[in-house]
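Supplied in structure tokens, the structure appears directly below.
Order of writing sets the chain letters: A, B, C and D. Residues in each chain are counted from 1.
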Amino acid sequence: MADNEFTIDEQPVPFKPGQTILEAAKTAGIYIPHLCYNSEFKAHGGCKMCTVLVNGRTQTACTHKAAAGQELDVNTPELDATRRSLVQMLFIEGNHFCPGCEKSGNCQLQALGYEYEMMSPHFVELYPHREVDASHLDVVIDFNRCILCELCVRASRDVDHKEVFAIAGRGLDARLIINSPTGKLGDSAFAITDRAARVCPVGAIFVKGIGFKTPIGERTYDCESISAEADSCEVPETT
Amino acid sequence: MREIQEESDWISPEIEREVAEGLGIPVTRVQSVVQFYSFLYDKPPGRYRILFSDNITDRMLGSSALLEHMLKRLKLRRGQTSPDGAVSVDLTSCTGMCDQGPAILVNNFAVTRLTPRRIDEICELIRIGAPVAEWSSDFFRVDDNIRRSETLLTHLEPGVALDAAIACGRQGMLDEIKRSKLRGRGGAGFPTGTKLEGARNAPGAEKYIVCNADEGEPGTFKDRVLLNSYAVRVLEGMAIAGFAVGSTKGFVYLRGEYRHLLDKLQAEIELMREERRLGTAIRGCAGFDFDIEIHMGAGGYICGEGTALVESLEGKPGRPRVRPPSMVQVGYLGKPTIVDNVETLAHISEIAVEGGASFAKRGTHTSTGTKLISISGDCERPGVYEYRFGVTVSRVLEDCGARAVTAVQIGGASGVCLTPDEFSRRIAFEDVSTAGAFMIFGPDRDLFDAAHNFAHFFAHESCGFCTPCRVGTAIQRNIMDKIAEGRGSRYEVNDLMRLADFMKKNSHCGLGETAGNAVRDTLNKFRPAFERRLHARDFVPAIDLETALEPARRITGRDDADAHLVTEA
Amino acid sequence: MSINGSRKVKVRLATTSLAGCFGCHMSFLDIDERLFELAELAEFDRSPLTDIKHCGPCDIALIEGGVCNTDNVHVVRELRANTKILVGVGACAINGGLPALRNRLKIDDILDRGYRDPVSGEPCIPNSPELPLALDKVYPVNEIVRVDYSLPGCPPSGDAIWKFLKDLILGRMPRLDYELLHYD
Amino acid sequence: MLDLETAQSPHKLRRLAIEPVSRVEGHGKVTILLDDENRVHQARLHIVEFRGFEIFIEGRPYWEVPIVVQRLCGICPVSHLLAGTKAMDVIAGFGPLTTTAEKLRRLLHYGQVMQSHALHFFHLSSPDLLLGFESEVAKRNIVGVAAAFPDLAKQGVLTRKFGQEVIRHIAGKRIHGTGVIPGGVNKALSVADRDSMRSGIDQIVKWSRSAVELVIKLHETNPEFYKVFGEAPANMMSLVDEHGALDFYNGGLRARTSHGGAIFDRVDYRTYKALLQEDVKNWSYMKFPHIKSLGAEKGWYRVGPLARVQVCDMLRTPLAEAERQRFLAANGGKPLHGALMYHWARMIEMLHAAELARDLLDDPDIVGTDLMAAKGARRDEGIGVIEAPRGTLFHHYRVDENGLVTYCNLIVSTTNNNQAMNEAIRAVASRYLSGREVTEGLLNHVEVAIRAYDPCLSCATHALGQMPLEVELVRADGATVSRLRKR
């Protein structure tokens, strides 16, 4: 095999030196699911949706560098089951009620549920007590729906250079916190024009006053599955 | 942070803001640190902060009853601070006093060998408000309990190892270490020589040697002993490692639970500086510069993980980094960094003195040298034992006076559970690999309790970075609770097995990968201990329905037959 | 009926709504003319659409809604005891749905605030033994009894229900095509 | 009649319960107290109502509320979507809707009136009327009707289907769609969709006419029975437009006495709190509203089809208005208050809605693309009222400066009918049960009366759920003779 090639499910895939498996696969038009990954930002590797087998060992495709001769399993029933379980875990960890959520139809978590045929969350619901922060003039944060992907953290730090968000606490107590005297978004440097305002893959951060604007049937994942998208990490504008 | 708290007991929002301004960083960074570590408080705890070590071995020694006893005496609920702000009582993960438990931490200082009487004395001292400093020193006595020693747990004349190292030169020292085939004692068993060489060859002038003294694995306490009585071996070992790698700066990352060792170690380092065993031109050898700084941990098992430890060292929450790159390439402050276990570094000084070849003669072909084992649980002589690699489990049990053993948990909560038919196995990287924890369960012990305890341990210690571990450990804990309450069924047992496998395969770091081990092992080897607790039905509601009706019953004042629900017969 | 081998015998089908809005039952009626086709394959047992108020032995039970009070528990237990296949239909049955928005509040507080005399403002919480008592939270059906299959949607479309039901009746593993699988 | 609400000495009496009332949307329960001669002393319709929604909706963003509250009810979600959105139009600070937006909302609403009325008449009530109140239980349902009257059942199913399709075209889904958003609608109606509906509407108008004919035929089989069954003379309330014509979507509140006299007329619905007062009775979760000016005793009223066709001065479509005239003539112009008359009125409304929909489908504005109104300053309070299929529906919200709901009050259609339904079952109980040996068929008479009102109980019972069927025979001394508990 060529020294700039590896295989995904037995078919050769070229890569440029320094590319991660996910990037190489994407260039080759092969879909590897992901939630906390967004090509604009430094990879995070926490959601584990992009878990693949590299020569039999599980790795996160968004952080693992592609190397010549690697043999990857990406689409196997086992891996799909793993991804389904991950989505189920994220669902029970928060309060995800799609019927009342304006992100429904444009939500990547939901779309991955569809992709991996999640029929129920399986695990016992945790129903955590989380708040809604509507103190900001233009943007609301509903912590019930936060999946700790840290995209807003990275966007605010690396693109907006404001570092409005951070993660505090550990284990199940891990949660998004806001850099302001009161801990409220309204008192932070956050602005609706920030990249961080448009990067949330779920319905946790959304613009005030304009829910459900996209008709059912025209929403991002209504007719086309998340895997069908060339670059599904470009988050559709909320609503 | 820790220093600030030592002064002001807790870290108030004001302090958080001051620190942030002082360092010119967002307050969120400060908060994320404060809220990550168990021993940093963003709410005021009691002036007396009492934390009960909650390892299974403490429980086996009756810690639960003692906790209840103290709570009753102080009229407190667990986790709650007394109205007058005087005292708070809570649980914490294993404090590494398993050989002399049950143990507690009082304002971060360990009090060992608890008895109801001792609890009463403490409550009295609290009542009269006696400063902890004035409490009887006997409370705080921490014994080494060295029961068996070979080459490591022996006196080493200060400077001898350093001189030997200087004698054979940087390259020579590195060769000796490689020749010794020394492997990391933290559990992973990575060849130390290779690691050092990697760091030495890594580009850049600044390099760091970090001594991992965050001995957080439940059931291990051998590093505590090394640092208490053989600090010379450890610290000189660090200097020698620095010598071989070309590093001039070392850190000891000392776990918060070992606060009592801090002053002693500081003094030792001071002494070494005076005797030019640290500092510039060590032992007069020009260019051999090395100094050591102690960094106190603040409570976080995860920080035992090399990359998490370095994050913590940099003053961040201890979340494991994404690898590659390895620490050896990009570590502390992005510079090449060696993170080695206390015991590993101690061995380096040993190798310096006697040379790699003779070191390699001990132990087995692939596991050279000796290993310290921390023995606790049901035996006559708990403590630290030094063995050559290859010793059988049964031999160890014999030596410590353990009889009619039900099982041994080797390697702590993340380790393996061995039953009598496996006691012929050997302690070695190629067989039973361990960082040294050796918890013994006697004839009348119920291994479910151990698994249950470990499940809580992991849920509490998970850093929350990755989904499988963050949510998985919580689900595992909840299921174990349900089974413990007698409301579990085959349904949950199946889920537990799947969960253990899931976490092992998909977690980000060792914590999550091993979080299901104990539960899985006990399920495989002590299934009846689970089944005894299972409900006869093949499905039991996730909740206790009677409890779920209580609030509505209370507010409506109803108690009629229809206001109750029984589990179906 | 495929479950016991021959297609001659009609499937016995029960449906009930717990803490739901009847939307799933309405969506069930959205199979439109296929209702008559269904009548060829299945006969109704207990259902809000019939006057049979007591569930007998049946093959398939569709449950809409989450479990929020004592009576929901009795109903769901009776269906579980009488049916071979139990299907949680709709968001509420599967994760509590929007009624579970109340789970962030204390039920006694909700009752206390919900039942105050508009004039005097005095609390007057109904407490007759006639009334089912509320559980502290709204629970998914699969946390109260074993559920064999889940059919998500709020509600699942008539087409989705039809596909799912047909699969079950014909003994196939029920699966939904992409356009039929929705959580909203 | 009110004396049947509470018996003098209940402990001496035998208790009888019907539970749940079936073939209604949601859950209800009837208890009847009889003496040894089976004379009825007390009859009550209890409803397990709990407005959990009003409380847990607090703290949610206002623009999300219409989508959430429509989940109150799966039969008439559009009612709640529209009433909620009308309130939010105000709160969001929007000016008057664009012509197209209002017409699309109306078309959506008419679609739902069609499907809801068809569902209620054919799927839920026709089994009683066509097969008989006391016919075989196992067959007394839509499947039984399909077996006996296949064409009729098919018409019913297809009429409902059409209404549901109208909803789908506008809201994107048949049940719990979106479409309607504060300030307008989120999607223009495509010409193709309009044409597909247009091609079907004439058939629906035809079928709706024959549905009215069917009810009239049934009525003619026994006019007296239809007139007096569950008869409960009551005040009547409805929305009417500025000319007094019935308006399902908007207008002013008008109330008439049981004799047709005016109580108030074309009053701004934002003042509903000054007009209506909700009382609490300890034996029912559902409140009892009455018209303040008349007091609790005389002030209770009726809403829904039977009220609407008699409150308004006209229906703005020819066929429906003609049928309305026939209906009024049936009692020589005197208002009708029999429960079964609801079905007649309901089918007239279905025809009206079908005609209205047809007119809109012929209106070029319906495919217009100017969908959103101009936005002004946000307001902190909004009230939305519409005529839902079951009657007048009130949504009232307040939001804080951040846009989160701080107050929510809903008076659902069925609540308005609470007292009227109770009076209806008392009428039935005293007339048909009193002094007889109680049978399932006789008990079904009581359910028939409730069914006629088409109560939307799940709107009301949403958060607490329903209760079991329980028929309990208690001796005068209070000892239980027999107890049959069904679920």
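One rule holds for everything that comes next: contacts are C-beta pairs under 8 Å (C-beta built on N, C-alpha and C of every residue); 3 or more make two chains touch, one makes a residue touch a chain.
Keep in mind it's a predicted model, so treat the numbers as computed, not measured.
*Asks:* On the document's contact criterion, could you list the chains that touch chain B and likewise touch chain C?
*Replies:* Expected: A.
*Asks:* Could you pull out the chain whose C-alpha mean position is farthest off from that of chain A?
*Replies:* Of all chains, D has its centre farthest from that of chain A.
*Asks:* Using CA atom averages as chain centres, what separation in Å is found between chain C and chain D?
*Replies:* Chain centres of chain C and chain D, defined by C-alpha means, are spaced 23 Å apart.
*Asks:* Measuring centre to centre with CA averages, how many angstrom lie between chain A and chain C?
*Replies:* 32
*Asks:* Could you put a whole-Å number on the gap between the CA centroids of chain A and chain D?
*Replies:* 44
*Asks:* Give the residues of chain B that touch two or more other chains, as numbers and ranges in rising order.
*Replies:* Within chain B, residues 542 contact more than one other chain.
*Asks:* Residues of chain A that touch two or more other chains: which are they?
*Replies:* Chain A, residues with two or more chain partners: 92, 99-101, 124.
*Asks:* Would you pick out the residues of chain C that each touch at least 2 other chains?
*Replies:* 97-98, 101, 104, 111, 126, 132, 134, 137, 139, 143, 154, 184
*Asks:* Touch graph of the chains shown: is it line, ring, star, complete or other?
*Replies:* Drawn as a graph, the chains match no named shape, so other.
*Asks:* Which residues of chain B touch chain A once you look at their complex with the stated criterion?
*Replies:* Listed in rising order, the residues of chain B that touch chain A are 17, 26-29, 31-32, 34-36, 300, 302, 317, 322, 324, 459-468, 470-475, 478, 495, 502, 505-506, 508, 542.
*Asks:* Show me the residue ranges of chain A that touch chain C in the complex, using the header's touch definition.
*Replies:* Those in contact with chain C are residues 91-92, 95-101, 104-105, 110, 113-114, 117, 119-121, 124-125, 127, 129-130, 223, 225.
*Asks:* Spell out the residues on chain C that touch chain D in their complex, using ranges where they run on.
*Replies:* My answer: residues 17-27, 29-30, 32-33, 35-36, 39, 43-44, 46, 48-55, 65, 68-69, 71-72, 74-75, 78, 97-99, 101-102, 104-105, 110-111, 113-115, 117-119, 124, 126, 128, 130-132, 134, 138, 154-155, 157-158, 184.
*Asks:* Within their complex, state which residues of chain A touch chain B.
*Replies:* Residue positions touching the partner: 43, 45-48, 51, 58, 60, 63, 65, 82, 85-86, 89-90, 92-93, 123-124, 126, 148, 163-174, 177-179, 181.
*Asks:* List the residues on chain B that touch chain C in their complex, please.
*Replies:* Those residues of chain B that touch chain C are 491, 538-539, 541-543, 545, 547-558, 560-565, 568.
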